[in-house]
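You will see two complexes here that share subunit A, one where it goes with subunit B and one where it goes with subunit C.
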Partner chain A sequence: MRRILRTWEGRIGLFLVVGTTILIAVGPYIAPYSPTEVGLDQFNQSPNSVHWLGTDHLGRDVLSRFLSGGRSIIFIPVVSVTLAYLTAGLVSMVAAYKGGIFDLVVSRIVELLMSLPSLLKILLMVAAFGPSTGVLILAITIANMSGASRVVRGAVLSQSRLDYVKSSEARGEGVLIIVVQEILPNIVGPLAADYTLRITWAIIALSTLSFLGLGVQPPQPDWGLMIQDARASIKAAPLVAIVPALGIAALSVGLNLTADAIVRWSEGKEGST
Partner chain B sequence: MVEVIAGHQADSRGRRIANTIFQRIVANAIVLLIISAVTFALMNFKAPEDLARSVLGREVSSEQIAAFVRSNNLDANFVERYLSWISGVFAGDLGTSLITRRAVSAVVSDAIGRSLTVAMLGAFLGVCSGVLAGVFLGVRVGSKTDIRMVTALLVIASMPEFLIGIALYMLFVTWLGWFPTQAAFAFSFGSASERAMNYILPAATIALLLLPHVARVTRVTMAEAIDAPYVVAAKLRGLSQVQTKWNYAFRSAAASLISVIGVNLVYAISGVVVVEYLFGFPGVGSLLVEAIGAGDSVTVQAVIMIFAIFVIIINVSVDIIIVILNPRLRYGT
Partner chain C sequence: MRGLNWIGTEGDTGASGLEVRNLSVRYKQNASGVYNVSNLSFSLRPGRIFGLAGESGCGKSTTAIAAIGAGSVTTEVSGSSFYRGTDLLKLSLDQKRELWGKEISYVSQSASLSLHPSIPVGKLIAHPLKRHLNLSGGTLRDRQMQLLGMVELPQDEELLNRFTFQFSGGQLQRLALAVALACEPKVVIMDEPTTGLDVTTQAKISLLLKRIVDTKDVSVLYVSHDLALLSNISDDLGIMYAGQIAEYGQTAEVIGDPRHPYTKWLLGLSSHTDDRYLLPGIPGVPPPHVVRDKCSFAERCLYVREECLADPVELEAHSETHMVRCVRSRDLDRALLPSRPQPQAVGNSDEILLEVDKISVRYPMAPRYSVKDVSFDLRRGQRVGIVGESGSGKSTVLNVIAGLVPFAGGKVRLKGTTLPKRSKDRSRDMSKCLQLVFQNPDTALNPRHSITNILLRPLKLFRPDIPADMRQSALNEIMEQVRLPIEFLNRFPRDLSGGQRQRVAIARAFLADPQVLLCDEVTSALDVSVQATIMELISEMSAERGVAVIFVSHDLGLVRSFASTTVVMKDGMVVEQRDTRELFTAPSQSYTRELILATPSLGQQNRRIDTAMPPSDNVLVVR
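So, the complex of A and B:
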């Protein structure tokens, strides 16, 4: 962790990520108004003393919407990517270690899944099942499974011929134990970097979906949705679009920088072995 | 004698390349078939009545539902429907939209020309500027300009596509007013030059999507290639800087560059969807978004298949180009 902080990327990245995350977590509690309360007599106001960031086209307080709109953006991606790693990651770890037909079949299936661009896969699933939270989680998980699978497979393969693994095998340890207790701690570096990158990507994908109207549904406050809603009255109330855009940008740029820093850190580690 | 042997070798080399290419095409065709099956299954697993209801709404009588099901052939057996759909796709008939009742192929062929133009324009701009930027940075690795530009590229690369699009939109449409707010208007009522204007912003957004990734890879491969022994040897032999750079350093980087470009093109296809929707550009992308929103499963299937076909074409082309460029790969599978 300290080594991440040493690079300037790590510092800015972590600052952005932690800052935005705190904002997202604490936001709903300090929001002055309800994010969904409509006030049609006060729409599209510029910032004033009552509404610090103005109001949107339905008279809802922009500040409150912004403070409450980050939740969905963090929750769904984190859950999905974690699920993807737990399922695909575990299967690939075992497959890569055991090799043989199992590995071959799993690799073929993964290759198959990878052929379509992820957004299309997600769109397809939303088209089939509707844009509810569960479906979104499922769709993003599936979209990430093949990528996570590949990374895990590569990492495991780089370790499976090493001596400490062989000595575990000689001791008679079971496959699952070797994979989880011996190999896993040694591949945390690249996995962590990929995990972070995937969450970034999932955040982008989710806000894109909400922007298209196929993700989080109104009147829930969501940053992507806010931007889309704001387009109609963008000249009158540009802040409604700018503020959530900054939020999304801060989060994605921050996560990317952090992921970069993690990659540097893990590379440095491997170099010293 | 030597010529005869060399001739034989060249022959079998040609055959090996053709073999590899053939294998790739077949593998990709199988993937395409599987994608079609999965797509169809996903869009049609609901009972016909549910499909009807998602189009017609909830307050519909059972006679209306039954009429809808009959007229759209939704009561046939699942496998039958798949087979008739797939054979239709090969023949160029993409089915009839559940919503507009028009032939999907007609709607799609209009839209696809526009989408392709935007995509290719954007891809061309993005790849060219990316390569140029990458070469520019590659020879200056570590300098202040390099560090600053790499940071800028990182920021652009981390932003979602629609944010980049919105930024361009706000700047050029809202603030400066250079472009109309809804591109589709010009396509129905505008002149040719008005229509042409509408291609610029979407293409620019797509270019911005590709630029950072292409530039990053070009930069790295350029920097590495410049130090490679054969490049140093060329410099020692007295070739000019420019010649060294372009003839030797760049060529070796080309193969990995092509594959990265291929990956990014595939990614750009999904970017087209967002960009079209954002700018109101009447292409295949916004068609897809509308169809999903309206529950028009026939159109959704068709558009997804079209996207899949393009992805496969790009993948196969990249594979072929790489096999041709890299002699080492010609002897493997």
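So, the complex of A and C:
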């Protein structure tokens, strides 16, 4: 952790991530108004002393909607990517190490998944099963499986022929022990970087879905949804779109910078012999 | 002899070679005043090879690169390097580029990495010719052919269209030489050009180089860690230690009458072949940069006196053509190196422990067997050496025994029981008996595990007889036996030097309480002074415990001094297997003889390689 903080990417990145996360976590409790309370007589207001960030086309308080609207945007991506790593990641780890038929089968399945564009996969699932939180998580998990599996595979292959692995094979260790105890600690750097990048990607995918009306459903407050809502009256009340966009950007940029710092940290560690 | 002018004087500005004066280099990352190379002076003369020898980290490659003004942005170079009256270190990059490749060229260690993999070799040779001599068309083609002939490759136009992967390592090094010599340079810098090649290939390339130097009047700086090789090919020799020259002179003088204790010891280690005595490695580690306040070797020197620690020692003339940096260079005439009897295995019995019975390995898709019908026996406490060139299958044999090769035919029997082919199908007791030590200690230890974790693994798996609360003391004990401080248990492999890591690997093997130790080129990634300490350790510990050793190496000298029986392998087959002493004194097979002759040994200047070798390895490899 200290090494990550030593780089400027790490410092800014962690600051953005931690800051946004805190905002999302405590936001709903400090929101001045209910995020769904409609006030038709006070739509599209500019910032004023009552509504600090103004109101949207339905007269809802922008600040309250912003403070309450970050939950799903961090929850769904983190859960989905974690699930993708725990399933596809772990299976590919063992497959890449073992090789043979098992690897062949796993690789072909991954390729099959890969042959459809990610967004199309998500859209298909959401169109078929409806846009509930569970379906969204499942869809984004599946969309991330093939990529995660490829990254894991490459990382494992770079290690699996090294002597320390051979040495544990010669001791007669089991496959899981070799993969988890010997190989995993050595590929944590690239995997952690890929993990954060995938979360960024998922955040943007989720916002896209909300924008298309297939993600979180109105009137729930959600950053992606807010941007979509703001379209109609963007000239009158630009803050309705700008504020959630800034939130998404802060989270994505923060995660990316953190990922960069993690990569640098893991390389530096291996480079210092 | 060149008399007093042998090493250039102040006014000499490199009329015909390269005159390096007071060259100092420091890496900018270091604190100011900390130098990696300090006040180095030497001369390269036409038709002569200057050998610069030293162990890793002594600054020899840094020197070679800095001498032609090619120091990188991370270094700070001072001093001067005169070529034809101009100081290379004062030229602009553009001016240097006019000289580099044309009059001054550089050959790096790994030809396979330095030659572009996706440009045909013909173009690689053509680059400097077009750039510097504006050759084209027929004249270019003629010159390319001429160069192929010069490095003794077939003068075949088809060859020029090939890519680097279609050549063998030796051929690539010849091509790299052709590229370097394309414009008939006056000065050639070679940085470990034959390291990593087989001894027979190395001998051929060295011989070729010597012929070219003689006929073309080139001045060569030849950097190498291999003193025996340098003693054969160089005319002048410099021994570097901690960024300074410890001894410098005509090769015959330095080799024949070494004056610096460090040189003496290195030479002793390089020429040691007596199986009855063990010459220990140099204790301690070299300082990482130049030591300014005392003799830099003092801490490791057996003959150290107070005066050595008081002031820095200057390089002083011992004779007209021999300089030494040692205050005791004259009174150490009779200094002998410490040696002690080679520990012999106890309980060397007739009981056959391990039988290797006609093992064969053919990888799927491979055109031929990697190992074919290899058989030998190993008795309790016996030491068997396996020697051969790279690709001879010697390491594969070891991996088959360890159960790491799934495609093996034939049988391996341990105390009469046939072992399953794969290690995971073997019982814990079988795995315990066979312990492996790898070539490269950098990769053999898991970089993310602490030394304690690395050593605990075999204890937990193989030593149920040691209760959990006794494990710590077992670790402490083994650390002491491999002569590592106990604090190292909490460190990670990256905190240790190569030699220290290899000690940990040896400790890990012995902790399992094995009966056979399988050593795969265990010293080849280490410096010669460290090699000796590792050999000593393996020899002592295996003798004490009555452990049999299979020792795979390409280094015939090591095998000769260590193994009682030697197996010679070529192309996956056993050429000869006999008692080591008989094999080395009277080899019955011509291949064995070739291998022994190609191994450079001290003070055999030119004789051996000249008579041993047909001039070329012209057979083309197409893969």
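Note that the second predicted complex is superposed on the first by the 272 of 273 C-alpha atoms of A that agree within 3 Å, B and C clash if a C-alpha of one lies under 4 Å from a C-alpha of the other, contacts with A are read in each partner's own complex, and residues count from 1 in each chain.
Heads up, the rule we're going with is that a residue touches a chain if its C-beta (ideal position, glycine included) is under 8 Å from a C-beta of that chain, and two chains touch if they have at least 3 such contacts.
The structure presented is a predicted model; accordingly, all values stated were derived computationally and were not measured.
In the superposition on chain A, contact of A:64 is made with neither subunit B nor subunit C.
The larger set of touched subunit A residues comes from B, when the choice is between subunit B and subunit C.
In the overlay built on the shared chain, the residue A:163 is in contact with subunit C alone; subunit B does not reach it. In the superposition on chain A, contact is made by A:112 with subunit B only, not with subunit C. Look at A:171: by the touch rule set out above, it reaches subunit C but stays clear of subunit B. Judged by the touch definition given at the top, the superposed model places A:182 against subunit C, while subunit B stays out of reach.
In the superposition on chain A, A:120 makes contact with subunit B only, not with subunit C.
Touching of subunit A by both subunit B and subunit C, each in its own complex, is seen for no residue at all.
The touching residues of subunit C, when paired with subunit A in their complex, are 399, 402-404, 423-424, 426, 428, 431, 434-436, 438-440, 442-449, 457-458, 461-462, 494, 508, 512. The touching residues of subunit A, counted against subunit B in their complex, run 112, 115-120, 123-128, 200, 204, 207-208, 211-214, 224, 227, 231, 234-235, 238, 241, 245, 248-249, 252-253, 255-257, 260.
For subunit A in complex with subunit C, the residues that touch the partner chain are 162-164, 166-174, 182, 185-186, 188, 269-270, 272-273.
Of all the residues in subunit B, the ones that touch subunit A in their complex are 31, 34-35, 39, 42-43, 45, 154-155, 157-163, 166-167, 169-170, 174, 266-267, 269-270, 273-274, 277-278, 288-289, 291-293, 297, 300, 304, 307-308, 311-312, 315.
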